[in-house]
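There are two complexes below, and they share chain A, which is joined by chain B in the first and by chain C in the second.
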Partner chain A sequence: MIRNTNFDAPAEQINRWRTLALGIGGILSIVILIVALLFPEQREQALRSWLLGFIFWGGIGIGGLGVLILQYLTGGAWGIVIRRVAEAASRTLPIIFVLFLPVMFGITYIYEWTHLPNDPIVQLKQPYLSVQWWIIRAVLYFILWGVMAYLLNRWSAAQDQTNDADTALKLTNDASKFSGPTMVFYVLVVSFAAIDWVMTLDPHWYSTIWGLLFAAGWALSFFCFAVAILAALSDKAPMNRILGSRHFHDIGKLMLALVMVWAYFNFSQFLIIWSGNLPEETKWYLTRWEGTWKVIGILLIFFHFAFPFLVLLNRDLKRKAKWLAIMAIFILVLRLVDMYYLIGPSPRIGMNGQEVDFINSFSWMDIVAPFAVGGIWLWWFFGELLKRPLVPINDPYLEGAIEHGKGH
Partner chain B sequence: MTFRIRKRRRIFVELICSQSRSSAVGTKGNSPVSNRLPAGAVDCEAKNMKENIYGLLAEFDTPTEMVEAANKIREAGYKKTDAFSPFPLHEIDEALGIKRSILPFLVLAGGVIGLLTGLGLTYFVHVYDYPIIVGGRPFFSLPSFIPPSFELTILFAAFTAVFGMILLNGLPQPYHPVFNVPRFALATREKFFLLIERRDEKFDYEETKSFMQSLNPQEVFDVEE
Partner chain C sequence: MQDAQKLKTTERRLRPKMIEGEHTFGTVSDRIGGITLKRRTPFGWFIGFGIGFLIVQVLMSTITYLLFTGVGVFGNNQPVGWAVPIINFVWWIGIGHAGTLISAILLLLNQKWRTSINRFAEAMTLFAVACAGLFPLLHTGRPWLAYWMFPYPSTMGMWPQFRSPLIWDVFAVSTYATVSLLFWYVGLIPDIATLRDRAKNKYFKIAYGLLSMGWRGSARHWHRYEIAYLLLAGLSTPLVLSVHSIVSLDFSVSQVPGWHATIFPPYFVAGAIFAGFAMVLILCIPLRVWYNLKDFITDAHLIYMGKVMLATGLIVVYGYAMELFFGWYSATEYERFMIYNRVWGGPYWWFYWLLILCNGVSIQFLWFKRFRESAFWLFIISLIVSVGMWLERFVIIITSLHRDFLPSSWGMYSPTMWDVSMFVGTLGLFLTLVFLFVRFLPVISIFEIRTLLPQANVHGHSEDFEENVIDVQDTEKT
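The block that comes next holds the complex of A and B.
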């Protein structure tokens, strides 16, 4: 009987990863901290690099919350096997908030609009774009995400404890009912957060599809991350009894869909700005149409869209956990490049709107900071992953989901 | 061509057997799916049957039995086989050694052709046939050509998928000999059937029939052409 089987995470393995992650993350974070404190002229760069790491890794955690809501909404075997990974990612919200603190306290070092009181466009945006109100909003986002994550995790924990099949079914149904309207709020909060944290780096520019770009992009990040985690666990107990090639096939299809959605949203944004041809809108793309920025942009078209798209069309690749995981990590790296493409070229404080080329703006900290943030985030994530069995043991659909994985 | 020849032969068989068949059905009751209609209910001479049958059909009660039997059929070396079930059975593909469809590659080709058609059409219209300056942009403006090219990619790929599926399934097919077995109608409800066609190289009426009997079916039917 499935209830009597042990589905706990392989503690020894995960603890080893955990120590490694904390070691790397801790040391590199201290390096960044020292640079930021001791060299005031490097402080802006250190915080911008930290923001890059935060948007990337925080996006995986927040994307995990979105996928958790999504899988309750749609049902399906992929949702059951991915649920505990998504729950663990959603429970990283406290550490995401801690990782957000440098951005919050360093707001005047990162965002140009905090220094433009006489700029007519920034003046018009003043009611929305003030430091206090920006911080209040950020805290509000974390509270709203926190409520979503807390309730879904509490019901899921209660389901693990119960022995009663009716209660277990009721808890799954409650979570599903909660997830419908919550999805709307989740995407709205992600939109506002993406606009506040990334789009305002360029205070004159705006894009109305920006929020969706992040809702889809963060979900893609999480799916890729989850595939890597599941593939690493798939040949060890207990996941070797649960995961089948069909689970990876299903998640691979979702990865393919989101790769296409990412390209679709990006192209929609580009096409509208290109057609309109208005100076205040095209400036954002013109900056990224110079020198190395242009190379990165073209790189993204080919390796964030065309290559993964063609490779993920292949059915056999999606069914092999290890191959899909390699593809997932490849996309994750490109996700980071994509975030760098959004954050890197944006105007810097004291440059008076002058454009910054790649050579002068790229810093070693842009590589170190993502590792620093990632190490700390992963350390917390693995700790959360250890706390519960790797599958929702009392979910009424669990046995069906395991059977599904063995099919064709 | 083969279709026409086969059809003509069927008409010939019907002419020969029509007398005896109508009497046989009449005596067994009027329902086309009378509950236990024995094999060879269509009462034709045995010799005739051997020459004019399409294949042999075995009936099974459960999918497991059918898949086991299908494995044995494949191991025995039969190639021209088929299975009929009220619901999809993925195991049967492997059991009968059915190869994967080439449809995905056709769809990919359809999509690529659609993409090239879209790009070609917009290029032809805007650069060659009727060049107009729109918004001060060059005649060849790729961003604005992408949406129609994308739409044509989807359209061609979708049409290839639908019509390719229909054609690869051999549809439309107004006549198939297995329906000559009255109990075959149960394949849409609760019974599972395996077919070995006569055009299989290994097919030998007596031998194949006794082989199929050895698979523990409920019954083995001769399928008239």
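The block that comes next holds the complex of A and C.
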């Protein structure tokens, strides 16, 4: 019954989004590229803004890989309906690597520690804080993520092709078995990537919860993104036959949980550093406790936690695709602000390692670069989304999952 | 069509069975309620209870000696001012967390496998919290003045230090104990009423009658019950996270290297659930054999618990890894020394490796089906993990304190016999309470197990019902 139905993505619609994304992303990327190449005094800012966009959008793609692994582990209807979105996100790794290249080649313009060979603390952190090891590690992260994404996607594609129920079942089971140990490696790789790419912006600072903060944060980003995509597809064929309000309800609960986890991790970090009051740690918060940075920090408490928390408690809202999608996009915007709060105030090479206030540090490129990176990423993502049916058509749990969505 | 049907069949077959054997509402009540009502108290029960009760006398003697002499009887001294009493406190309070997770979070997540293990997991939570509470209470030296810890407008004009996590502990643990007790008791009411109706003994009738609070099982009762139970589950859920987060803050808000790490709250919570599931397995594996409850606590339950133990254990191991990495990466003299001292340079280095062996290596066996499906191996691994979680607190607390900043103030720690007897005593208390619970209250929720039966789902929504039907078809075919 299910096999005879067409579950291909609505190509016309998605292609329109795709063109739009490429148009915006392409033009804005060229703008950033021109600024970075032709205006040496703006180069640092351009690359920092690019890093912001990269961490945000790359985080959605990498978070998608994490959710793909997670749903094979936990099972559940939400995992089946979100799987193809997560797979498409995980297949964006090649473009994420391309988008990473400016950061990699611009490393000496972004990371202050590349200029501090005589700093005693940076010296103690050798060889971790050395350009070649940093690059080798980054390549290694991409290889590891790539292997995970490649295998999971290959099995899923093979499942679509098979005519045999036992093979289909075996492929789902294989993916589940693979996902257990893979989750361990995934979280470790995300942790170290987050340390390398974001934490080392402040070369002296450290916080042990950092990896978890990104593992959870990127998963939240992906869930929000996926809700937006699923809601946009929910009234068109084929997803209108598949998605039910209960699917959105379930994913909405996961969003709520992750919003709380985000607040829990951040508050833990803040409280422990504040209470310990050690100069090497408090410096990070002291910078962010001044002027407009403080306003952004407080904004995050209210709009990245309190407001979504209260709204997502509402059962009816979570069950309405469009409303949940609005909330998801709202959280996504705040995710970007959160990344900006982590990246923006860090020491600047052009200012001799000084942190600068928001007024002097904020640049138009901080807004343009996320659009530039996002346009290109989305263009690739939609391309990948088109390649496969929007649900895993031969997954033995598919029918149950569709049935689940109609329940209450 | 054929394929779709086949897929559907395989899918149904994949779902593990949460209840085994041929049961009706009546047999469920008989089997579980019978433990307290019909069966003669088995001889083994008297032995188990007797051992527990004897060990409680050790606790009583310790407390008596402690109160007459003062807290100096414990081994705590400079530089190790916090030692075995707080290790035991954290160990016990952590164990309780599995009960709350099973009863509250798994309820909210619609996980059916919680149904047959929630009752005694909650009981275990209560008993563990009781044991945990004894340590800080008695370590104050004057437990009869313990109410000073609460903020009330006293004539002394004294207030607790609200910035101290120790006072947060007072609130967190007392809330936790209260909510857990209520949750457990509310869940028990319908079952106590069943026991009341079936009891033949006059005293049992009166006791259960009082405890069941006039439960008649009317629709209105059930309606209110469901609301109350769900609300209590919602209230308990944040407690799973908050209690052990605050316990972790006892350490991490300080500046002691080895204590001051931002990962502590989630890492402690995972450790607590890890230790708790180990204890649930330690209790339920013998229980289901002795009282013939394998129909209700099936192998599937054990496998699930093994998986949760593996997952939370891996989070704990992640915590160890991050501690090591950041100890080095911090580039702080004290942090780096702490790692060196903890792992190979200090006199307690072997505690660390024992801990890695217990918590890190032993759980790796749970990756394999063979070990997850074997009650024997699960039991052994759970015992090892329980030891490991005790060692973890030893490594964190004592190894960090005995060599902190100034070498001139370094020192060694050794527990006194009273430290040991107090811990052993609480084990006895725990054992005694568990045996009393098994004897006098239904260890498995009778009415919730009934809802798992196919008869309870006449509309055909029940997965288990359909599962049974398909199982029959399968056997017919083959």
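The working rule: the second predicted complex is superposed on the first by the 405 of 408 C-alpha atoms of A that agree within 3 Å, B and C clash if a C-alpha of one lies under 4 Å from a C-alpha of the other, contacts with A are read in each partner's own complex, and residues count from 1 in each chain.
Here, contacts are C-beta pairs under 8 Å (C-beta built on N, C-alpha and C of every residue); 3 or more make two chains touch, one makes a residue touch a chain.
A quick note: this is a predicted structure, and the numbers were derived from the prediction, not measured.
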| item | value |
| --- | --- |
| Fit-or-clash call for chain B and chain C when the two complexes are aligned on chain A | clash |
| Partner chain(s) touched by A:364 [first = chain B, second = chain C, both, neither] | neither |
| Touching partner for A:313 - first (chain B), second (chain C), both, neither | first |
| Partner chain in contact with A:168 - chain B first, chain C second, else both or neither | second |
| Partner chain(s) touched by A:271 [first = chain B, second = chain C, both, neither] | both |
| Between chain B and chain C, more extensive residue contact with chain A | C |
| Which superposed partner A:105 touches (first chain B, second chain C, both, neither) | neither |
| First (chain B), second (chain C), both or neither touched by A:133 | neither |
| Offending stretch of chain B which, after superposing on A, collides with chain C (from 73-81, 109-117, 163-171 or 199-207) | 163-171 |
| Those residues of chain A which chain B touches in one complex and chain C touches in the other | 271, 275, 277 |
| For the chain C and chain A complex, residues of the former touching the latter | 1, 3-4, 6-8, 10-11, 14, 163, 241, 245, 249, 252-255, 260-266, 314, 318, 321-323, 326, 329-332, 367 |
| Chain B-facing residues of chain A, complex | 267, 270-271, 274-275, 277, 313, 315, 407-408 |
| Touching residues (chain side chain A, partner chain C) in the complex | 1-3, 121, 124-125, 128, 163-166, 168-169, 180-181, 184, 187-188, 191, 195, 204, 206-212, 264-265, 268-269, 271-273, 275-278, 280, 394, 396-400 |
| Sites on chain B touched by chain A in the complex | 90-91, 93, 104, 108, 135, 143-144, 146-147 |
